[in-house]
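Just below sit the structures, each encoded as structure tokens.
Paired with subunit B in one complex and with subunit C in the other, subunit A is shared by the two complexes that follow.
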Partner chain A sequence: MELFDSLRKNKPAVFGLIVIVILVVVAIFADMISPYERGIRQNSKARLQPPCAEHIFGTDHFGRDVFTRVIHGARISLFIGTATTFISMFVALVLGSVAGFYGGIVDEAIMRAIDTVMCIPGMLLSLAVVAALGQGLGNLMVAIAVSSVPGFTRLIRSVVISIAETDFIEAARASGTSEFMIIIRHVLPNSMGPLIVQSTMSIARMILFAAGFSFIGLGVQPPAPEWGAMLADAREFLRRAPYLMFFPGTSILLASLSFNLLGDGLRDALDPKLKL
Partner chain B sequence: MTGSNYQPARQEDRALLEARHIKKYFSVRGDAIRHPSAIRAVDDVSFSIAKGTVLGLVGESGCGKTTVGRIILNLIKPTEGSVFFDGEDITGCGRRMMREVRRRLQIVFQDPFSSLDPHMTVYDIVGEGIRNYKLARGKADLMRQVECLAVKCGLSEDLCSRYPHQFSGGQRQRICIARALATNPEFIVCDEAVSALDVSIQAQIINLLKELQEDMGLTYLFVSHDLRVVEFISDEVAVMYLGKILEKGSAEDVFRHPLHPYTEALLSAAPAFTEEEKSAKKRIILEGDMPSQTNSPSGCPFSTRCPYVERECQTFAPEWGEVTPGHFAACHRVK
Partner chain C sequence: MIKYALKRVLLFILLIPGIIFIVFFIMDFTPGDPSRLILGERATLEQRRLFRENAGLDRSFPVRYASYVYNVVFKLDFGTSYRTRTPVIDEILDKLPKTVILALSGAFFSSLLGISIGILSAVKQYSRIDAVSTFAAIFFASIPNFWLGMTMLLIFSLHFGILPSTGANTWKHYVLPTAAITFPFSAEILRLTRSLMLETVRQDYVTTARAKGVTEQIIIMKHALRNAMLPIITSLGMTFGSLLGGAIITETVFSIPGLGTHIINAIRMKDTPIVLASTIVLAIFFSLIMLAIDVSYAFIDPRIRARYLK
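Right after this comes the complex of A and B.
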């Protein structure tokens, strides 16, 4: 509740939170909200229509309702954003806490491996993974997750190291708590603050990343309504139908902006310096 | 060297805990030319504590007091030497035995703010040890035990579902003490347990520790730099400087008739309050800082700051010897 109170004073964060809630609701109830089924049915009679009463965001070059596609796109984008964040967070959590808590040669081994991966630019690494595994939603998620594991691992390791030095860890050890239980019971709950902040920001980054990949044709494959892919399609009709680009583009902007704003707000609210 | 002709505790007062020649050197990495040797945090320290008594360990910051405390709990491994608890060597023992010993050895830390997990309630904090050793039958019994401990340490039982940040420093230290008592230990290391508290709170906590010690027959190693606190609570006192014990004896002997110049200087640095005390006091002001622990002086460790230093002090380390019965010191002047 404390968290919510301090978050409420932060106007941009509230804005972000509201947009995110709307996006989530829209994504969950996409089938009920959207006037046209799934957004993949084509209608050759109504191609490239500008926004009107029947198609409030207009239609694309296959006569598909853009409003429906944008709504279903929210579902895909949010799913990719959260799922990849969870995957990479989980891997990083295991690697980072083991490295930070045990230190020594384990730490050395894990961190040098992470450094090696970090030498490769994230985008390039993801490209390589997609190239190796092939296109598609699942592979795209793996590719994005892999490229963000190193950053998370470093973050978690540093947080864990700072916690591992506190007296309450020593006290737990003196009370006969095993090393494994110390990580589960004390280290992880206390490192949640920065992790929540980073995860929120990361969702924004993942959504952008996924949209980027779909834009260049390596991500979600047509006819699935993905915002990045819709942008790519809209490029050809930029002069005849600029709204085709406007709606998915705005959606990407709003989604990533909201997650970033919320992340910033959470960081202020969870500032470890104010706690303890 | 200091304590090299240390004799094991006499049979009649069997030691509950005994440290034999413990040393802890921290290696200095990366600069082999300027720091050829390691930091000698603890350099050949020996003592024994009889059951039901309190040994006060005093010395200025950085002399290795805290390291001694941690070595005893086996939270860090000594470079050399061993710690005997109830007649058994616990320094090199296996995990299972260490687990059993941990139940009987506990610690209270200096900083009551960083020594409590901010995400846990008093029930979880105090109950952790009870749960680890399965000392409670069921959840209700665990909660009852925690409440009982809290009351014993002067906290109301309805505060037990609160989080550490809702308590004051003194109350937090009470929680720490309750936690240390949770596994029913026989020996507690109080590592500067009252140094972070206000003077008024210090008195409460010291009294609490003393009452608990007397009621439960506990044995303490009381680490502190505060001489008045140590004088009040300790039966025996050891004075540490630069990783070595310079003087050891009953609290009465050490405080009334200090043998070592360093002890004298420490005592003279404690504030005097009554006119009587003030007039009786001669002020010895030590010059300079404690030498670096990487290259401690040859001869007596205190020779660089000692007001009575002689040539002998700088070349030969003084022998550790019993000056009057039960009162030991390592100084060339008191042989």
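Right after this comes the complex of A and C.
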């Protein structure tokens, strides 16, 4: 609760948390706010209408309601952001804790492989994965999760190493606890702080990344209401319907901004020495 | 000194087969038969077999990989495009400069902006300047660069008409795309610089210098900045990787015929050799930048210099 108290004093972090809660609520109840149908059904009579009473965010080039598409887009973006963070964190947890805890040749092998992968910028790595597996939601998630495994692995390894050298791990060893149980019971719970901060920030990055991929047409495929894909459509009508790019873009910005603000707040709360 | 540089260059050369292996390995997951995609459903079995043989697809993975590395390293041959049947390297070399210009100018301006404001922000911690710049940094780090690009395109090209919207013929074409990647990435660099600088000002030797009565200006310029510069430069290298990714997407916004749009088109066309080669070329370009950073270290850091003098 100490964490919560210190977080509460951080106004930007509170703002971030509130926006995240609103986004989650909107994502869960999207169908009640406006049925998915409205965002998918094409209506040639209502094409490219600017915001009005019936369509508060206007309609796109197929006459679909942009408001509906934006709120259903929250579902996709939040899902991709959190799911890919979990996947890459999990893989990195296994690799990083094994490398950091056992050291020696295992560590050497894992880290040299990670170093080599890090010579390829994340975006390129993801592009290669998408090129190999094809487009679509699932493949996109694999692609962007892969690109953040190396960074997470390095982080987890360094945290694990710093903990593995402490006395209480030595004590656990002396009492005959198995290596595997030491990792699960003692090392990982004690490395949660930096991991929580990095995961929160990672959600922001993944949301941006996924939107970027859908924007270039290699991510979530139409007619799914993904924010990045909506911006790609809006780009075609920039002159005629500039309002089309406003709402999806603002949504991406708000979502990633609030996770970044929360992550920053958590870091300050968990690491008091940075505040001074 | 030269010994250090040579060692780094050697390591870089050894890295190339590794980079190729990773990309080659990923691309090998492509399901389906490329001959079906390229020749169409109506091609005869004989035509397909011939195609596979020409493309070398009937050999095993290690053999294909080894011959690819050999061809790249010794003949600069990256294979032939499925679609145009021409060497892929020709088109890549034609498009690479546009991506390089965009990425390097983006890197230059974002480092300039990010490092200078980051230092200012750290030196004046808790001042109004610090509060404004840290908020601006987190805001711009959260903004999708392609959306920022579209917004600027709408304002400066379509509304005011002072800058061209698409293409890459003159320097003016690069102004908006560069700005679109500069803002988000300078924000990232600003955050890094600020935290590294704050860490340095809290070191004991800075306190000692203060106690000695050294003026604040000299403390910042001579003691703190010089020591903070090394980790800042290291993280710049990693940021450059994501900046390169940003440049790839930005090319699509402004329809710049660079390597980014080239890869994206090739992925749509399922032209694997182009994707493979472009990814490898860009990854090697990125590693070259990292190499340059590492070697430039030796010139800046007396510790590394001393180690290699003996």
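Some points to look at:
Just so we're on the same page, the second predicted complex is superposed on the first by the 268 of 276 C-alpha atoms of A that agree within 3 Å, B and C clash if a C-alpha of one lies under 4 Å from a C-alpha of the other, contacts with A are read in each partner's own complex, and residues count from 1 in each chain.
One rule holds in what follows: a contact is a pair of C-beta atoms (placed from the backbone, for glycine too) under 8 Å apart; a residue touches a chain by one contact, two chains touch by 3 or more.
Every value quoted in this text rests on a predicted model; they were computed, and no experiment measured them.
Annotation: superposed three-chain arrangement on subunit A; subunit B versus subunit C shows no clash, the two fitting side by side. Of the two partner chains, subunit C is the only one that A:L231 touches; subunit B does not reach it. Rounded to the nearest 10, the angle at the Cα centre of subunit A between subunit B and subunit C in the chain-A superposition is 90°. Touch criterion met: A:T177 reaches subunit B, while subunit C stays clear of it.
Within the superposed three-chain model, A:V98 lies out of touch with both subunit B and subunit C [touch as defined at top].
Contact with subunit C, but none with subunit B, is seen for A:V130 once the two complexes are overlaid on the shared chain. Judged by the touch definition given at the top, the superposed model places A:N190 against subunit B, while subunit C stays out of reach. Residue by residue along subunit A, subunit B and subunit C are tallied for touches, and C comes out ahead.
When the two structures are aligned on the shared chain, A:F215 is found in touch with subunit C, with no touch to subunit B. Contacts of A:F168 after superposition: subunit B is touched, whereas subunit C is not reached. Residue contacts after overlaying the shared chain place A:M206 against neither subunit B nor subunit C. Put simply, subunit B and subunit C get as close as 11 Å, counting only Cα atoms, in the superposed view.
Overlap of the subunit B and subunit C interfaces on subunit A: residues 276. Listing the residues of subunit A that touch subunit C in their complex gives 12, 116-117, 119-125, 127-134, 204, 208, 211-212, 215-218, 228, 231, 234-235, 238-239, 242, 245, 249, 252-253, 256-257, 260-261, 264, 274, 276. Residues 15, 18-19, 21-23, 26-31, 135, 138-139, 141-147, 150-151, 153-154, 158, 195, 198, 202, 241-242, 244-246, 248-249, 252-253, 263-264, 266-268, 272, 275-276, 279, 282-283, 286-287, 290 of subunit C are the ones touching subunit A in the complex.
Subunit A makes touch with subunit B in their complex at residues 166-168, 170-177, 185-186, 189-190, 275-276.
Put simply, subunit B touches subunit A in their complex at residues 70, 73, 75, 99, 102-103, 105-107, 109-111, 113-119, 128-129, 132-133, 165, 176, 179, 182-183.
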